[in-house]
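One chain, chain A, appears in both complexes that follow, with chain B as partner in the first and chain C in the second.
And now, the complex of A and B:
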């Protein structure tokens, strides 16, 4: 009986789907992002730093794909893999070896072979790993990952060992000196792949995977073959990671064992944690943020990069356990709350979160301002701290200015709780844009800029949320009512 | 005979938790297993549903040998169970909890690209309606009250359209009012769907109001079996069990 009902239901659903496929806002979001990023090079090509930005974005997209694929396992499947870089390496070497040793090999065939190789490797490795859970799973993935690394490292005749595979032949158009062609190629592949992953996590398979993450025993007792689903998830993640690996290989036209090293695995883990593991786009934000910070710091102070990574991780785990995107989406909702209480909570959250964002933005910029200044006193050996020199280097004025701007915005925000009328809303946005412009003008490091940008996105996001919008427009009465009720 | 347990023994490294237990459940029967704490009731449930593999003995469902089969296989054959401690998907919404079970039952979990949101909605809401959780559909299930979570678990179990329900202390930790409500709910649903019921319970009023057949376990072995009245009057049972409780 239930079955016939379901099939009825599903045919009805299919008709609905056919009509609404183009009303899927996420699809539109992807298309808009694709178009915007596709034409970005044309906009910035005449800028001084165009090459840097294009190379940076290329890398960021590849890592985003890698991080999202990884998070399919960690965030959706609850499977924390410490050896995901193995598939990066497998993808890179699969495509690299094919192109290098088979003269007739078609470039695109090699590119397609990478994810297939990744999926097959994941099938074999996953077969053993998914039989264990939690820490044992993590250790097994780490061990297998290291085996892959060692094979690449030791098998000189085949992989070139630590000399890597160099001079891998690629089509001429990739060698474009402006890097734009390859950027666009990567952009399209990554966008399509990430969209596919989005479909996967929202499909019945994805839902099933979340159920397994939540409660493996129960999942088994509703008739789900847990191990099989885990294995498929492992293979999907492996395939997309391998694709990312092949894209990295093509970018560099060479591949080294380091691509499969476990430090890469921890990097992608950190990206997911930073952005938020229980969100789909969190890892993308994490990838962008980490790579920006990487670009910031490694250039100037490579020796503290690891230290900084560790520090960031600790900060996230304590202050933002849900990651950045998780933090943005978090809603303190209780079905029993009435409208007024819910609004009051929302507003409180909004201001609290804005505090966090500004605290973060200000401290990051201050931190980097100090770091980026030559001979900055707290790193230099001879420790000659003088307030005067800080002023001459422009640190103090800049920081004070940032603090003032930050405080002003905060003040508006806090006022917003009481009276968030249209004008204040625009002022808020103006201030955000202004501070962004200021950051650009002052050439502050990228990370601070990115944080401010994130905060701006968050504000806009809030304005698009029907609940918050309502709270903004009718904010005064609602919040007052709630306060009065609480007082009574 | 729907379910047949034959001379099943389970030993945990020497400790015998289930000792040569045989048990039959007929189609449509409401059977109950009682016994003091640690008698081995949950262990027996775990053996029947495939969570544990017996050291000795065989278990048949529909005359098919299911000894040592994986839980998901046994579930697909038409056996549903709930747990003594609530066992739901805490970070999913109430709707998703049941939806996943329906998707699994209708074998749709290996669909990789269709959005799941709109799938099997009707069936899911019908089940939520049955267990009285339609209003909570959007709440995160982990935040629900204990009684609601038990109801939800029943919904999840029913989603696989089972023939037999194995409920391990469905009213554990409930207030008297909640207990009455949920027993009524369970009885109504199993009557409507013609389900066979095998449950364990500590509350004797509940047991004697619902059960058609009672099996008493003691230290892993069957002590007595039969109609409620017979079991009630069994001297052994009175001595070790009912006497203690009263």
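And now, the complex of A and C:
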């Protein structure tokens, strides 16, 4: 046991032995994101955007925490839980019941009690579930999750049954009508929790968990206590899910059995898959994307939401098994290639993926536009014959313009990039940022915008890394020949 | 007094049989498909739901008789099942079983919303066929005649039919062989693709038949697929996944436990079965009659 963990510790990467936590670039990333998002509500208020976005961000961060906790099981442990919403419910009901029935109960104590309750429930349920793997594990978690739902649904005297628990007392500052103070509270808790989970998956424990996922028998042979590690993972996931549940409860000041319903488990499963299960931050991206799609669709067509989820799941399984973050990170690399060939291949791949992002963003925008304003195919009602006021154009002309002009520019830019012209990577970045601005200006559905945003991030990630920078600045001379060879 | 207790006991025993027959009709198809294809089909609950809704369509819209619907509805479900198998499942047989599981889960979502679009979100009901609306008296107790004359025979005939099919016909023997060793069956020259599609079609038929037979006994609503699939999972896990005899045994235990549980503690009747399942899984992880080795799943 000791030896295997020691060797695993060496591979623990950024937060390995002898390094201060403050050297960890991810920690700095977290701090920067925290500061940026902390002041986002002020921006929203200043820009006079709707309060909806503050509420939306609150939900998105709670769900991000839930999805990351879920993915500890799915991505790192290889255990698909179909009943993770049970812990959402347990957290919500633990904190809710404490606050509702114990008058003297302190708000923060109740909030801390939620993850403890979640961990304890996960200990009991996990004791049965982790004995089996794969499909059996899925069924067992589903069944136990359903018990939790049934208890919440049927035990009227205690949980209020399907009427839920309503009017749960919370401190005055949460009732802030601008929603800002609760948003900041949620943001800090979720960021800290997600960072804790990051430390967990990069600790020897997390590495051991991955080893178990890859080969359980071998992990057992080198002396890892497989069952105990799985149980701990199950408990950690349960605790953080329950925390997310309590945050949802506080947000609504009420809790209903639906919080523990299987549809919630479906959502979190999809978030992880959509973002990418084998990446830590994939579920966060997935949570944001799924919630924007939810906001885009349920405005007009709430009844087709499950249908849409199912279709998305099929698409992911067939076309995007690594999720979006997996799609961005995946590179066709060959260790034998020299730097020049490597760069040529990378840029060819970048071009291909850019086209996918372009196509995806266009189809998302069209699809959700049609759902949102089904009657404005050609022109919208307030069209005023001004060529430049694109905002009054209908979906179809706008899309054609987007496709023709956008594709022409993109083709020219990508051709330049593949022959390593220094200007073009800046131009491409500008192009993505400009598309982003255009989407915001035209108030197109948010899902397409988010995809463009991911594309911009990907472009930056790919075109401005040290190796590529060197290639573009002429540091790698052979590159242009290699690119031409690759093109021929 | 003694007479009263024996009477209650008898009534609950028979009620338990009703529940068992109903759940067996649905569970047998799932178990069969899992045994041969190694896929745990979440969408089996959808087949059940569609079976029931198609009966409603047939009886309601065409003002048709109930009895032909009992065959037609499952046959339409078979079409759905075959399309699903050929289009979606076939390309990913080689993938991780978890991906197959997720795919069937996606189908549940799609099928579920399609029912809402087609039939609306309200509860619907199917009238019991003529002549079976009333009750019959057996040994001094009243029982609904539909359950006695339709549900129980249907359940019994399914057990018998599946037994005869699997043990007395060549196709059935091939299917049984496929549950033992899928690669070997292919090597011996059996058309595995066709076999898979065929077995999936039989599974879909059984699911649809379950829905059709149970349709007159309760409300039809979107979401009934999910309510049933959890119970079906319980039954097949209890009996042993892939074991047909185990499924029948699991259904019997489930039915009687539920029936007597209601008598004892009405609020907790649904919890008993979960407790039992937990106990069984700790003592016998492969289920009551399941195969010992878990294999690659």
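Worth a mention:
In the analysis below, the second predicted complex is superposed on the first by the 413 of 488 C-alpha atoms of A that agree within 3 Å, B and C clash if a C-alpha of one lies under 4 Å from a C-alpha of the other, contacts with A are read in each partner's own complex, and residues count from 1 in each chain.
Everything that follows uses one rule, which is that a contact is a pair of C-beta atoms (placed from the backbone, for glycine too) under 8 Å apart; a residue touches a chain by one contact, two chains touch by 3 or more.
What you see is a predicted model; the values in this text were computed from it and never measured.
In the superposition on chain A, contact is made by A:203 with chain B only, not with chain C. Once the two complexes are laid over each other on the shared chain, residue contacts for A:146 go to chain C alone; chain B is not touched.
By the touch criterion stated above, A:184 is placed in contact with neither chain B nor chain C. Of the two partner chains placed by the overlay, neither chain B nor chain C lies in contact with A:100.
When both complexes are overlaid on chain A, the residue A:136 reaches chain C alone and has no touch with chain B.
In the superposition on chain A, A:345 contacts neither chain B nor chain C.
The intersection of chain A residues touching chain B with those touching chain C, taken from the two complexes, is empty. Contact residues on chain B toward chain A in their complex (touch as defined above): 49, 51, 70-72, 75-76, 80-81, 83, 87-92, 96-97, 99-106, 108-123, 126, 135-136, 138-139, 143, 156-157, 159-161. Against chain B, in their complex, chain A makes its touches with residues 2-3, 5-6, 8-10, 13, 16-17, 24, 196, 199-200, 202-208, 210-211, 214-215, 217-226, 229, 232, 278, 334-335.
Listed in rising order, the residues of chain C touching chain A in the complex are 40, 88, 91-92, 97-99, 101-103, 105-114, 116-117, 121, 226, 230, 233-234, 237, 241, 267, 270-271, 274, 277-278, 281-282, 285, 294, 297. On chain A, the positions that touch chain C within their shared complex are 80, 82, 128, 131-136, 138-140, 142-144, 146-147, 150-151, 154-155, 262, 266, 269, 273, 303-307, 309-311, 313-314, 317-318, 321.
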